[in-house]
Amino acid sequence: MIHTEKIFRPDRNPRLQELLTRFDLTLPENTDDNVGLYDGDQLVGCGFLKGNMFQGIAIDPAYQGEGLSATLISALIQLAVQRGMTYYQIITKPSMATMFMNLGFRRVADASPYAVFLENGAGSVAAYAKSLQEFAQGAPEPRACLVMNCNPFTLGHRYLVEKAAAENPWVFLLVVEEDRSEFPFADRIRLVREGVRDLPNVQVLSGGDYVISSRTFPAYFTRQESLSAAQGAMDAAVFAAVVAPALGVARRYVGTEPFSASTALYNEALTERLPPRGIEVVVVERTSANGEIISASKVRQCLREGDWDQVKKLVPESTWAYLRSGAAEHVIENMKHKE
Amino acid sequence: MKETKLCHSIEDAIRACGLRDGMTVDFNHHLRDGDYVIPMVMNAIGKLGIKDIKVFSAGIFNGMMNRGLTDLIHQGVITSTEVTGNSSILGGMISRGELPKVCRFHTHGGRARTIVEEDLHIDVCFVAAPTADCMGNCNGVEGPNAFGSIGYSMSSSRYADKTVVITDNLVPYPLQRTSIDESVVDYVVQVDAIGDPNGIATGIAKPTKDPLALIIAEYASKTIEFSGLLKDGFSYQAGAGGPSIATTRYLSEIMKRKKVHGSFILGGVTGTSVDLLEEGLFDTIMDVQCFDRKAAASLRDDPRHREISDACYAMRGGPNGNRSCAVDSLDVVVLGALEIDLDFNCNLVVNSSGLITGGAGGHTDTAEGSKMSMIVAPLRRTRYPTVVKKCTSITTPGKDVDVLITEYGISVNPKNQELALRLKDAGLKVVSIEELQALAESMTGIPDEVRFGDRLVAEVIGRNGEVIDRVYNILE
Amino acid sequence: MTIKHAAVAGTLESCDVMITVEPSDTLEITVDSTVKDLFGKKILACVEENLKKQGVTAAKVQVQDKGAFDCTIAARLEAAVLRAQKEG
Amino acid sequence: MRIRRTLLWIPGNNPAMMANAPILRADTIGLDNEDAVQPGDKDAARILIRNYLESVRGKHPLELAVRINDVTTPYWKDDITCIAPAQPDAFIVPKVERPEDLYLVHELLTQVEKEHGLPENEIKLLPILETALGIENAFLIASTTTGRLDGIMMGGEDLVTSLGALRTREGREIDYARCRIVSAARACNLNPIDTVFPDVEDIEGMIADTKYSRQIGYSGRAVISPRHVTYANEVYSPSEKDILYAQEVLEAYEEGRRLGKGAVSLHGKMIDAPMIPRAQQVLEIAKMIRGGKL
């Protein structure tokens, strides 16, 4: 008799390890809940819930073809609904996509050979595209776009936006909404808004459920060396299939990070995949302060170290004011603790 | 003297054949979902800038579509297909009107007849061959991607203008065991792999544990037992679906118990058929395609297991061709169906939603040729009734169907009163097909009608080349 | 009856249906079904009838059907609505 | 007395299996809201069971029973109040240990019947004895006079835990309980229904165990797999030999009466009064199984 129940201590479960390894997966990290599929006391399948994403789904090949994927996904949906969510996403290998689509998942974007992005439940990519379209109505053309996490908004970001704003009649700036960064989304987008207020042709938008940051892209299912390429491919796929057509955007600006191999791979994936779909990619060298590249990670490092002098050189006035205010205190404290 | 027929690449072979826009190319489908040959050839044709090709293949599987055929249809390289079976991706595209020209569905025998009578002229036949020599002698039983019988290339390789053998196992001349010989081959191409061995046996049911399928199989085997046909010299064919394979297993128990010795098993062959041969229940297997590795190995090793051509399997007589074919000597055939209606008409091509999803295969041929044709099918599939008032599309006419076996009972075509009496005498649960249809409807509710458009997208062709049914585009 | 919070009943297994209900100001029903072409109207009618029976006039109802019979659809809907009443 | 050669468990939260239940050839379907349903789904399953019963009522000759949760759980009352109005043929009550357990169920059931204007005592009760205490109280439980008791079921899997025994294929660890239940059931003229054979794949073992069950007096058993049904039905059905013998017994008895003989013999053995109802029963059962054809 097959039944589902929670896997306690997934990190200490050798049978779970074995199951994931067979699917070339590693244990998803920081998940909220999970479901195990058991034949008696034998674990034969697993799935994890992280936010509204289903991750690490595997079913013992000996038990495949008996409709158990439906049982597993149903149990995950129940968990999600108990947490108040009625919209779910899966990023999975292309070979698994059909199985999920047979269970009612819809394709959002295809980043083969790395991954496919699927969704299910209330809300849809079509509705999202429509809402973007409404934002974009009447904006002058041609339009350019930037997608940023801005954790937090720095002078480096500012430089990139300025450049795009100088070169295009209209610029959309999409801020990644997923709350998995140190700074909460509400603060991040506010700082962006404040930081570009003087640029009249820049429109700041929330990325919604579909603009996936590298932080939300499940790293567990691909080898580390191809992770950035996979993330870039997924970003490109969503951008080309959903964001660009809805916003009427023909150009995307990305910044370099000279010492980050992963950013290079990420940008490479965008440069490779967007132009064939009619979107030009403009790669902008990052600006530097005192010979040091400005990046959000650098800012966070300085904050952790309490090097406020350095921070001041890296961020615009609005961000500086926020960081010095009480609002940011606990965020910075948390950052220090995490270390 | 020709030294070799070897070409460097598939492109070279296509050029050498003189393939042009609007021509027809032929394939076998023996590698099924694992097939690399059809996508390799068609992608090469696309690369050469050739358009408007008709693909005449025994079958098109989703695996092939996913390896590029979908794109080639969108690009106008492939504009129509003529097959005996296809799976959901191509079927869906046809139903939605994505192919500019009308597609056709043949029976296996009808396909051979179309070739032999030259109803359709094949410009180039590409033979996926697991083993071949440089002059084109080839077989399907040896090599890393051995699939067994190569029956569905036998007629087309003979009648096509040009024939190209594609293999991943090139052996020194002359190949000892030859199914298609050099006299019909123009070119040979060696490739890295003709297929993925794991994809070859897909779609073939594992021994089923589904209680429904087992009940259907039990009724089916008892129907055979009491049909009056189960005696020494008995001949038999069954499909590769779960209930069919289970029926064969139950039948073997009955044959052992009653000490009946059969003469031949025909068809698409599964490992289960091989078991019956090896247990000595039958003398011979006549094999036009192997459904799994066990069948392929048996064809290679057991002289009682004989390879036959598509024409020999199921092609009706005609001016150019056959005097007879094997299905005409068949006692019993066990078949499936998507739908069966009150007149016992069977639908194998269009599902209840109106989407093309299958094909006749040997259904129509064996139903007509055999003494007793049996349909094994559940009364309903989830909420879709299988037994319906009227089929969405007709593939095999009811006059050729003798009996329907469902989990709720056995229904005999009124044309076969004798069989009905025999089964009733044996205490089997015989019910009218009207009862079964009403029972199905009482469970599922009365379905809405599928809405078709007015664009003809496909024709279902009978054994003699006659149009049995026309399929129109689906309205979403 | 008012829908207090999101709730779900049923599964995506064959012959079953998964029904999710959520609070909403209006009645909004979406039906997705493997048999939608032939039974879509019947499924919607069944859901509407049973919502009425339970006195639900405002809710967002998501139906993911895998070929369930009416008695199953009614059961899953009833269970989802009851679950949406429960505290916690 | 009902014929219950096989009682097939069907998970109460599985619509696909429920839809197929009528064709699986079990004499009784046991729709299960206990072991086969997880705590979080009991609410949904009982509604599904109720709707299912309503949708198939009168359509099939087979007996439809529902296994509720035991009387120590928070579920059993809801099970009864929700499902009883749909009039299952019987409720199966697990882990019964004392007559009081059955009276509890009986009282609630009677109340629900009254509220819904249903005929009283029509829904039968089938207790499962599956704890050491339940087994020791077998006769007391079997003699409970609620007017609903229609059989006693043996539950081997939970009993093994209760006994601290080890489950084996041979099943000697549950021998005592099996015999005790048959005896108690027969003493009170109730149907004894044996435990499941737990290994779905082991058909040979299942047949051997069923033959043994028949040998010690059971007239039927619970089964967890549709594949076990046919084999178990066969073992519990009267054989051709049994039927012939029963016919001979009745004929000989009739002849003896006609000729005014006090005693008759058949195959050299005396036929006495207690053999007559037994022979009648065999023929009755055979007739029911074969749809009236003997």
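A, B, C and D are the chain letters, set down in written order, and residue numbers restart from 1 in every chain.
Heads up, the rule we're going with is that a contact is a pair of C-beta atoms (placed from the backbone, for glycine too) under 8 Å apart; a residue touches a chain by one contact, two chains touch by 3 or more.
Remember, it's a predicted structure, so these values are computed and weren't measured experimentally.
Taking the CA centroid of chain A as reference, the farthest chain centroid is that of D. Distance between chain centres (mean CA atoms), chain C to chain D: 36 Å.
The mean-CA centres of chain B and chain C are about 41 angstrom from one another, to the nearest whole unit. Per-chain Cα centroids separate chain B from chain D by 48 Å. Each of residues 16, 19 in chain D touches at least two other chains. For chain C, the set of residues touching two or more other chains reads 10, 13-15, 66, 68-70. Within chain B, the positions touching two or more other chains are listed as 382, 443. Chains touching one another form the pairs A-C, A-D, B-C, B-D, C-D. Chain C meets chain A in the complex at residues 5-8, 10-14, 18, 20, 22, 32, 60, 62, 64, 66. By the touch criterion given at the top, residues 67, 70-71, 73-74, 77-78, 81, 84-86, 103-104, 121-122 of chain A touch chain C in their complex. Put simply, chain B touches chain C in their complex at residues 352-354, 381-384, 443-445, 447-448, 450. Listing the residues of chain A that touch chain D in their complex gives 1, 3-5, 78. Of all residues in chain B, those touching chain D in their complex are 209, 211-212, 214-215, 382, 407-408, 427, 442-443.
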